[in-house]
Structures are given as structure tokens and as C-alpha cells.
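Both complexes below contain chain A, partnered by chain B and then by chain C.
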Partner chain A sequence: MNELLLQGLVNGIVVGLIYALIGVSLNVIFGVLRVVNFAHGEFIVLGAYAAYFAQAWLGLSPLLAMPLVFVIFGAMGYGLHFMLVQRLSRSNDPEHASLLVMFGLSLVLGALMLLAFEADARSLNFTLDPPFLMFGNIILPTTKLLGLVVAILVTGALAFFLYRTMPGKALRAIIMNRDAIQIVGVDLNRLSALTFGLGLGLAGITGILVSMIFPSFSPFIGQDYTLIGFIVIVLGGLGHPIGAVAGGILFGLAEQTAMVFFSGTVAMLLGFVLLIAVILLRPAGLFGVQNSR
Partner chain B sequence: MTDEVKEVRDDEVVPAPASQGNIEKSNHIRSLIWGAVVAVIIAVFLPAPLFASNLSFLFYMMLWLTMAMSFNFVAGMAGYMPFGYVAFYGVGAYAMSVLYKTFGMPIPIALAGSAAAGILVGLLVAPTLRLKGVYFGIVSLALAMAMKLVISLMPRDITGGSLGLILSSANDPLAAYYAMFLVMMGALAAGTWLSMSRLGTALRAIRDDSEAAEVVGVNVVATRLKAWIMATMFPALVGGVEAWYTNAIDLDSSFNLLVTAKSIVYAMAGGLGFLVGPIVGASALYGIDQLIWRNFPTLNLLILGVVIIALMLLLPRGIVGAFAQRFSRFRRFIP
Partner chain C sequence: MLKVDQLVKKFGGMTALGGVSLTLPDQSILGLLGMNGSGKTTMLNCINGLYEATSGEITLDGVSLIGKSPHAVFSEGVGRTFQVPRVFHQMSLLENLSVALLNKGLSNAEVAEISAHWLNKVELYRLRHNYAEELSGGQQKLLELARIMVANPKLVLLDEPFAGVNPGLALLLIRIIREMPKEVGCSVLLVSHDLTSVYELSDNILVMHEGKVLAEGSAEVIQSNPDVIEAYLGA
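The block that comes next holds the complex of A and B.
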């Protein structure tokens, strides 16, 4: 029993870090652009497919495909910003308008993936030399361990970018006060486009991690990841990058430990119960500032 | 106090200072136009089964009209965007089917059960009404998914598990058609009452500035709750009647996110906040949607997505909203 719980906790941290990455990229986009990216899950699935085809056609291992996918997805985000996102700021209610436009985009992407890749679930053929390590009685697949390391590295790099570099600081400054930042001479438009690119690039990398760690992916599961991302960012506080890490790990731990003792459905439901509890106690999320929204 | 609240609304409708007589006149014309719209709807749908060969087309048109109209109660008049709107539809469908099939109740009672279930779920999630903006929308979406999971965890002999329930003995499309007609008339009546009564005035005041509304004596919590209950009851009834019409329900179709999406798109395409908005939007887009379905079944979702994006970018205020903006002289005549 105790070992099962420990196993659940270890899985929870690995899965939780993936969820945290989903939440962080969603939150960076929301914080800077005030755009609720409903299509995030579809971009993640697209990233998983990118890893699959990079391996099948180019023979690239998922790890090597990561920088490539980051650059391609980043460029895609940069372009999409000028096509879709920028026009939204003219709307009456930009936040709801963004949610709807991105919902439309998620339908479009889901349908395109269904047409291009067919409906069957695929999985990445990726194993490492010792397939798993044993710590006492806890089994840890090496792919999961690798995923954990990558997720920590990416989160760390992002934290370094946001807190130690000039563009990252400007980005956080936009989250804090959109108007003041323009007075001190930051090109809001360019930085917004870069942010959307960064968000989608991160979504692509998350997709590769998803393809390494979860058993399979299909064009239909995008909305599940979007929903998980939403839960994570509401748990941690909307627009709060570090809050999303805490929210993701919390949600991952709750889900994976519940999975050990009950079923997948109960685990998912527990996540929702957690969300409702947090919302009722702290409406702005664990790390959010009350009444900021 | 009544006069103070009323003024908030009249200021909004008539921007320029207008005399009392002018306001009364434009109110009168507005009521006349709305009456004409309702009369046309009745004239089309009431006798239609006598002539039409395609009952299903008209049935679903009424369904979407009702869904879009009641979505407008919270989105247009109260300023909330419940992305988990489908939850009430699904709960209604399940309440009706479980009461009829598992507990052997007659259909009218089962449908009353749908409405009760919708209101009950609405009251349960009412605490989320204090959340603002997209926060509310996201949480509402999560709650809808949670609702689906709760039903899937219920015992199989009550809800039918993943296979759903089949109500073949209830098959009576014509009766279900008129039941949907009654539900639609109910939604029209509720919309009329909402926009003409003090409650509607109070709601708009809250939407535009909840603190100012509170200062002039509007009970913000109670007013929101009333609109919310109306907006949860109608989709539940619609879900119940649809279950009766098709005689089959299952979790995936009853809790399909597209139900929310289409309600939103139809309401927004017409113009949120106008009584006629959802009616115009649903009538215009439902026909297009059917054409797409028939001719390009595989591309249906793709085209729906493109339509949503184009609509939001090019016509963010909807057809009626764009008209009101372009011809602002007529703004006060639009119901």
C-alpha cells in the first residue's frame, strides 16, 4: 500500500511537471496578451505529431527534435499573432473574443489533424537502454525520468528568461502594467508577438514530452490538455507563471495518487473537486492577487 | 428608486437627451417590432408540421433558437459567458431519460424533472457567479466536464453507463415537436419579461457597472441569480425534449462541447444583448450549418471553426449589433 502511494507520488511529480509546463505557457500568453488560448491543447498534440514524424522521416530522436520544434512553433506563433491575435484588441471584450476565436482555431486544427493524420491513436517508438530503474520497490521508467529532467530544464530556462533577462523582465512588466510599460519605451506589439511565439514554442516542446511519457496521442485529445491547462492556471492564479508550476504539480500529484487507488475517472473528478475547493476559498487562485481581475 | 433605476436604462437606449414623449414613442415602436417578430415565429412553427416534410429541420431550428435565446439571458443581459452551458442541456437530457426509463414516470413529469434538475445544478454552481470575466467561463467549462464525469460514475442500471439510454417506447416526434414549441414560447416569454421588466433593467445596470447598480439599490446577488436560474432551466428543458425526440442519449453527445459552441456562435452572430439578436443569428447560421452538414460532412468542424474565427474578427458585435452601430438613429427601436 505504502509503495503504491509512493509510486503514485513519483508519477504525480513527473506528470505534474508536464501539466505545469502546459499551465506556464498558457499563463504567459494570458498574462501578456490577455488571450485565453483555447487551442493550446491542439498545439500540444501537433507537437507530439511533430516528434513522431521527425523520428519516422528524419530519424531524429525526440530530444534532438525539441529545438527544431521550438523554432518552428515559435515562428508559427509569431505569424499567428499578426493574423489573429492583434485584431482582437479592437474588440469590445477582448478576453471573451479571444476565447471564442481560439476555440474556433482549436476546431480548425483538430479537424485538419484528423484529415492529415487519421483518427487512430499513435505512439512514439522511443525506449532507452535500461528501460526502467528500480529504487527499492518503486519502478521508474527511464523515459519518464528523462522527461522529468527535460521538464525541469525547460522550466528552469523559462524562469531564468523571465526573471534574469531584459526581454523576460519586460514581459513580466507587461503582465503587471500594460500602460506604464509603453511609456518606458517597450514595443508592446513586437513583444506580444514574441510572447505568443514563446507560448506556442513551449506548447510544441510540451507535446514532445507528452509523446514520450504518455502511452499514445490522437487528434481528439487536444481539448483534454487544454482543459487540464485551464484547471492548472485557475488553481495557481490566472496570469501568474510560477503559480502555474505549483498548480500543475498539485494537480498532477492529486490525479496520479487517485489513479493508484481508484480509477482514471475518479482521478479526473478529484482534479475538478480540487479546483472548486480552491475557487471557493481563494477565488483568484493559490498565487493570484485578490481582486486583481 | 424605481425612477433612478429606470434612468440608467433609458440613458443607454437614447444617448441624446429626449423628452418623455419621445422615449414612450420609441418604447412603443420597439414593442411593436418585437411583437411582429414573435408573431412571425409562431406563424412559421405552429402550423409547420401540417405542411413540412422535414420535421427534423424545424425541430432543431427551434432547439437552437431556444438555446441561443437563453444563452443571451446570461451573456447578453448579465455579462457572463458560461462555456460549460452544455452541462445544463446534458443534465436535462439525463434527468428526463432516467426518470422515464428507469423510474417509469410519465413524460410530462419527466420533463418537469429536467427543468428541476437544470435549476438544481444551476443553484449548486451559483457560487461561481462571483468570479469575473474569463475566470467564470473557464471554471464553468471545468464544471461541465465534472458533471459528465459524475454521471459516468453513477450506477450503470440507472444511467446506462457508456452506452447511454434508449427510450424507444416514448417515440412520438410530433408531440416532441410541440413540446419544443412550448419550450421556445416559454423562452420568448421569459426574454420579453426580462427586457421589459425592472429585473431586466437591473440586470443591464449590473452588467454595465455592478458597483453603481448596488449604490442605487439593486440587489446584485438576487438579480443575477434570477437571470441565472432562467438561463439554466431552458437548456435543461431543451435537452429533455431532444432526448424525447431522438429517443436515445449518451454521455458524449449530451455533453458535447459543440452544444455550447453553437449556442454561443448563434447568439453572438446575431448580437448579444438584443432580444432579436439570437433569433436573427440562429435563423441565419442554422441554415448555413445544415447546408455544410449535408454537403461536406467531413469538413463540418473545419468550416464551423473558420466561421467562428471570421465572425469574431469581422463582425464582433453580430448582425444586429453592427446594424445598430451603423444606423444609430434606429438603435432605440431595436428590441
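The block that comes next holds the complex of A and C.
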């Protein structure tokens, strides 16, 4: 029993870090732009397809595809900000407007992926040698271990960017006070566009990790990832980038350890119970600050 | 030199500023007095680009500020504080100041040196690693003032700097504001309900009433102006 629990905990950390990346990218976008990106999951799935076709057509391994996907998705996000998101800020109620527009975008992207890639679930043909590593009686697939390392590196790089570089500090400053950042000489529009680019770039990388770690992906699963992202950011604290890391790991641990004892459906339910408990006990999330804006 | 010429700002059918003109020479302090709703803060918002003026002209050293966004106005050398300080709560004091130097192309050492100088000036250096949210309201006003001063502005807009500040910190604020024109070479547009401080600090005073200029002159002139006494001073 203890070994099974340990196995669940290890799986929980691996999956939790993937969930954390979903939450972090969603949270950065929400924190800076106040945009509820309902299409986030679709961009993650698009990232998974990008890895699939980069391998099929260009022979690129998922690891080599990551920087390429980050740049392409980042540029797409930067452009999309000026085409779509910036217009939302002129609305009387930008948050609700963004919710509806991004939900629409989610449906459009899902339908386009269905048209382009068909409904069949696909898997990435990516294995490492040896396929498994044994730590005592704990089995860890090497792809999952690699995914874990990449997720840690990406999270570390993001934390470095946010806390140690000037653009990262400006980005955090926007989250804290949107008005004040403008009066200290920061171009809000440009930084918002960079943030949307960063968020989608991270979504692309997360999609590749998803395709490496989970058995398959299809055009239908985008909203599942969006839902996970929202759970994670509510757990960690809305708009708090690093809070999402804690939220993701917590949710991953709860889900994966519950799977040791119960079915997948019950495990998912337990995740929601955890979410409700955090909302009741700490409404602003684990790292959220009430009335800080 | 700041020149505001026939500035009009309307919100729908309501006229907040009805053709206000003022001149603020270099290295001087202009006090802006008026009842609540007289248009003082609207004036500051128009100057620093938070509001788009309906008509009129605003120039700083001959450069028009009309139509510029707040960050562009900041780049022209205009710094601004608010009645309720808008600091970055979950950043250290040093980080708060460093954000204002983002586009200055300075090295980390230069940013640290300038930030340390101004934190010393506002007597917050010992708290430099604390989060801004740990400061009192008055200390946050000092931090906000330091945050605009690090950028070496030409013009500083201060909105109610003494509101809610304890007497000890208010004295410190008065001393810093008095020294700013000579030390930094900036001019100051000071909006405040604290008449004593405005009289003490200002080279010239402008009184606004219902979006228009009611009177302008030295403290003595303003205090003896019958229109001001009737409309604002009430004595």
C-alpha cells in the first residue's frame, strides 16, 4: 500500500508540474490583461499537434521542437493581442467581453482542429531507452522523468524572468497595479502583447509536454485543460504566477494519489472537493492577496 | 516650463474643466486649490495623459502633451502621485523604484545607487527590502514620491500629498517638496486641501472653482481675495 501511495505521489508531482505550467501561463495572461482565456486548452492541444507534425514532417524530436513552437506560438499570441485582445479593453466590461470572445475562439479553434486533424486521437511516437527507471519498487517512465525535468526548467526560467529581469518585474507590476505602471513610463499595450505572446508560447510548450506524458490527444480535449488551468489558478491565487505552481502540484498530487485508491472519476471529484475547500478556507487562493489591487 | 492653454475636459454633458489656462515656470511650485469637484485632479489627469482633453493645449518646454499616453508623458519628464498611493504592493521598495527606471538603459548598479539615494531621502532606506504593502499610508506616499523622483522628472504633479499623513511625515514631505526644484531642477504642481502647506510651499497659487480659474497670485493675494473667501475659504 505504501509503495502504491509513493507511486501516486511521484505521478502527482510529474502531472502536477504539467498542470502548474498550464496554470502559470493562464495566470500570467489573466493577471496582466484581465482576460479570461477560455481558449487556452485549445492552444495547448495545438502545441501537441505542432510537436506531432514537427516529428512527422521535419523529423524533429519534441525537445528540439520546443523552442521553435515557443517562438511561433509567442509570435501568434503577440499578433492576436493586437487583432483581438486589445479591442476588448475598449469594451465597457472587458472581463466579461473577454470571457465570451475567448470562449468563441475556443469553439472556433476546436472546430478548425477537427477539420484539419480529424477526430482520431493521436499519440506522439517518442520513447527513450530505457523506457522505465526503477527506484526501489517505484516505476518511473523516462519520458515522464524527462517531462518533469523540462517542466522544472521552464518553471525556473519563468520565475527567473519574472523576478530577476526588468521586463519581468514590469509584468508583475502590471498585475499589482495597472494604473501605476503606466505613470512610470511602461508601455502597457506593448507589454500586454508580449505577455499574451509569452502565455501562448508557454501553452505551446505545455502542449508538447502533454503529448509526451499523456497517452493521446485529440481536438476534443482542449476544454479539459482549460478547466484544469482554472482549477489550478483558483487554488494558487488568481493572477499570481508562482501561486499557480503550488496550485498545480497540489491538484496533481490530490488527483494522482486518489487514483491509487479510487477510480479516475472519483479522483477528479476529489480534486474539485479540494478546490471547494480552498475557496471556503482561503477565497483568494493559497498565494492570493485580498484587495491588493 | 508647463503651459496649459484653454484646457477643456467634458464627460458627456458635464464640463469638468471649462477653459483653464496656467503657466508654471521652471523650478517653481504652483499650488492648486479648490473645493472637491472643482477640477484639480481632472487637470492633473489631463496633463499626465490619463484623460484625453476635449480641447485646448498642454505643452512642456514647448512639446505638446496632448494625445500622448501616460507612459509617453512620463518619457517627456512628467511624474505624478495620487491621493491614494498606487504602489506595487508585493514588491520590495527597491523593486518599486527600479520599475520606474526600466526604460532608462541603466546598469543594475546605477539603478541600485539612484534608488538608494531616493530611499535615503524619503527616510525609507532601512526598509528597502520590505514589501510596499508593509508600509503605512504615509510611507507609501513617500515611496510613490521617490518612485517618480528616481526618473529625474522635469515636472512633478502631486495630488493631495498630505492627505492622511501623520504630522511627522507631513513635515518630511514638506521639506522634500521644498527642496525638489533646486535639487532636481523640476517644477511642481501641488494639489492639496492643506492650505497652510500650500501657502508655505508655493511660489504662486491658482484657485479653481467649478472647472474654471477663480483667482491666481501669491499666498497673500489669494488669502485676501473676496471671491476666494466666499467660494472656498468660507471666512
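Basically, the second predicted complex is superposed on the first by the 290 of 293 C-alpha atoms of A that agree within 3 Å, B and C clash if a C-alpha of one lies under 4 Å from a C-alpha of the other, contacts with A are read in each partner's own complex, and residues count from 1 in each chain.
Keep in mind that, in the parts below, a contact is a pair of C-beta atoms (placed from the backbone, for glycine too) under 8 Å apart; a residue touches a chain by one contact, two chains touch by 3 or more.
Please read all numbers here as calculations on a predicted model, not as lab measurements.
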| item | value |
| --- | --- |
| A:Leu5 touches, of chain B and chain C: first, second, both or neither? | neither |
| Partner chain(s) touched by A:Leu63 [first = chain B, second = chain C, both, neither] | neither |
| Contacts of A:Ile183 with chain B and chain C, given as first, second, both or neither | second |
| Dominant contact partner of chain A by residue count, chain C or chain B | B |
| Touching partner for A:Val108 - first (chain B), second (chain C), both, neither | first |
| First, second, both or neither for A:Leu84, with chain B first and chain C second | first |
| Partner chain in contact with A:Ile279 - chain B first, chain C second, else both or neither | first |
| First (chain B), second (chain C), both or neither touched by A:Leu128 | neither |
| Partner chain in contact with A:Ala157 - chain B first, chain C second, else both or neither | neither |
| Contacts of A:Ala173 with chain B and chain C, given as first, second, both or neither | second |
| Chain A contact footprint on chain C (complex, rising order) | 48, 50, 69-71, 74-75, 79-80, 86-91, 95, 98-100, 102-103, 133, 147-148, 151 |
| Complex interface listing, chain B residues touching chain A | 81, 83, 127-128, 130-135, 137-139, 141-143, 145-146, 149-150, 152-153, 257, 261, 264-265, 268, 298-299, 301-302, 304-309, 312-313, 316-317 |
| Chain A - residues contacting chain B, complex | 36, 84, 87-88, 90-92, 95-97, 99-101, 103-112, 115, 223, 227, 230-231, 234, 238, 265-266, 268-269, 272-273, 275-276, 279-280, 283, 293 |
| For the chain A and chain C complex, residues of the former touching the latter | 166-167, 169-170, 172-173, 176-177, 179-188, 289, 292 |
